[in-house]
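The next block holds one structure in the form of structure tokens; read it before the comments.
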């Protein structure tokens, strides 16, 4: 009798099981359908336009599923003051463009999807290392008033604002004070889209605060 | 007293972990085997049912016109050709035809969609006839349009997710800037329907300023000769006919290759499991060589020992096989989901159909192969001489 | 062919030759002996003297190279005939019970099941009730539902004895039955064997190294270089 045999037999059967699993692997359901995320259509030229002083960028991703989970999602929703959107589950990957100049990180570009009047709003902001908005960009919006919102005059109203400015104002109810409350709507018919854009930027800044700036503070 | 079956089954309990692992091996391979055999049967049945559910077995469109949304969107709608709506009535009048449904496909360029804009596909459909042709559509929210001229849309799941639309929201038809109210969102189907936006035929004709259609779906009467109808439709000038019988044959051809491959894998898995059985039984024979010798001094004939060891194989294979088949039946719906993920096209309904006949057939295969693999260890055990077991000394 | 006149086993010129390479070894070298019904014969001798080989030949566990063996007046070996495994099994199950130094109980069967084990393969007429009778006789009733791992070595050998006797053999062959037991347990097993010989008239052929055990039998045969020398 070979005393080592039972172990060999177990390992062989385990190998057999693994082989089966590998064979079955392509069949394993991707239980969560890839959710729609928000990315720049032309990152190279978009980054150069939104962050003219940059010479390089890196892409990274964050999501509630990977960090913070359900509790963090609830916290963010509470900070935004409304119910979650139908299509914003835990596994939406958020794309973060980290902006560099001479090897040093000088800021970020980050976009979010927001429900608009006739379709989705894809709204990006570029931010410096302290979380102040440097540029505002609408990548996608539907409706005959789109060109009014994409005018530089409208976008400039966001430049220089920080999360503090948005905390003084509730873009869901339209109540509050400060610079955000003072913004003018260039298309009075497009109320949903006007508030949608403000809400998109607030959501953007809250997400950046939770996933990027607060972790940076933690590291310091 | 004690039966030979009890002796055999108690022997298997000696090395519990080894027996368990062998059982798991047999169980998994019989699970895979019965599921695949079930799939072999179920898929074709489901595909047939699906094609019947399609409502229309034939589609007629102008020559060169794309007949499904994906091609239309790839071509940016450039290849669309129109047919007169009067054609619907002339086809409907044919004796073989049960029902017809007119369809208008339109592609609009949306400059804000994706990289450098994209094509949004719209299907103008007849509220009275089309839903009956797609009975497998399930609504996640809402339902079909209020009437055939309503400024309303029903969205496929992915189209709705991309635009973050819910029932009650508005969408804007690109290029035309016409607002439509979303009244229904379909469940995910895993097909191109997910990316399609359905609009009442008349509404889409109005938006596109066209009074024609692109496609006619034809449901043939039961027992009618489809081939004859097909041939007569081919006679129509500048028309092309797409038959789902052909589509089905193409799909079955595609699937058969995959099916053969998976079946080979199942057979390999079964063989591996059986090598496990040979190994387990042979090891247990080697470990018990002295006991087997003693059984022979007690009066056990070689054939008795052969059957004793063979019974062990039989127990392992039947327990493992029955457990595997049981699991396959319990998890048949899970297998359905898995199969759906890997196949290029999956019809609705049960893909893995396991009935009692198939279960028994699989069990017979497992037992047959198992007993064959049990012959060698059993023969080896039968040949043990009593003296081999007794310490040679003196 | 001899007639049965109370003779249980009769060997004439039994020889067993083994080949080791080109060398031939006479493990048993022309042994002749007679064992009568009710004898208790002990075989002793140094290792390699051939005692176990002789008992294996007497017990029909293998064929001799030459010589003759009669069993209860019936010729078994002789005239150069070689018996196959099936024929040997038939003879063994009708005539012999065997016990060994290493008990060889099946660990997953209870004491009672182990004793009943031979009946699963062969059952002589009239042995119903033997299992319980033997367990009672050998004082193992209270242990019948225990597994072999739960009883002592001496008890295991008692179970092996009961198993060997369940088909009522004419002769009990015991190969070093106390080799794995301490003195006290060995003495107990010795008493059991003596009792079986005296009260039940069982013929016992035993191989032993133990001088005390060897003296239990009425006859003592010493093996030296494949030859048997009976003392007394």
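Letters are used for the chains, namely A, B and C, taken in the order the chains are written, and counting of residues starts over at 1 for each.
To be clear about the criterion, contacts are C-beta pairs under 8 Å (C-beta built on N, C-alpha and C of every residue); 3 or more make two chains touch, one makes a residue touch a chain.
Nothing here was measured: the structure is a model prediction, and the numbers come from that model.
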Those chains which touch chain B and also touch chain A: none
Centroid comparison with chain A (C-alpha atoms), farthest chain: C
Chain occupying the middle, per Cα centroid: B
Whole-Å gap separating chain A and chain B, where each centre is the average of the chain's CA atoms: 36
Distance between chain centroids, defined by C-alpha means - chain A, chain C (Å): 87
Cα-centroid distance, chain B relative to chain C, in whole angstrom: 67
Of all residues in chain B, those that touch chain C in their complex: 1-4, 6-7, 10-11, 13-14, 290-291, 294-302, 304, 385-387, 389-394
Residue numbers on chain B that touch chain A, as the complex places them: 15, 17-18, 21-22, 24-25, 28-29, 32, 110, 112-116, 161-166, 169-172, 174, 177, 179, 188, 265, 269, 272-273, 276, 279-280, 283, 286-287, 289, 337-339, 341-342
Chain C to chain B touching residues, read off their complex: 43, 45, 47-53, 55-56, 61-62, 85-86, 89, 92-93, 96, 98, 100-102, 104, 106-109, 113, 116-122, 131, 163, 167, 175, 207, 223
Complex contacts: residues of chain A adjacent to chain B: 1-2, 5-6, 9-10, 12-14, 16-17, 19-20, 23-24, 26-30, 33, 35-36, 41-42, 85-87, 113-120, 139-144, 146
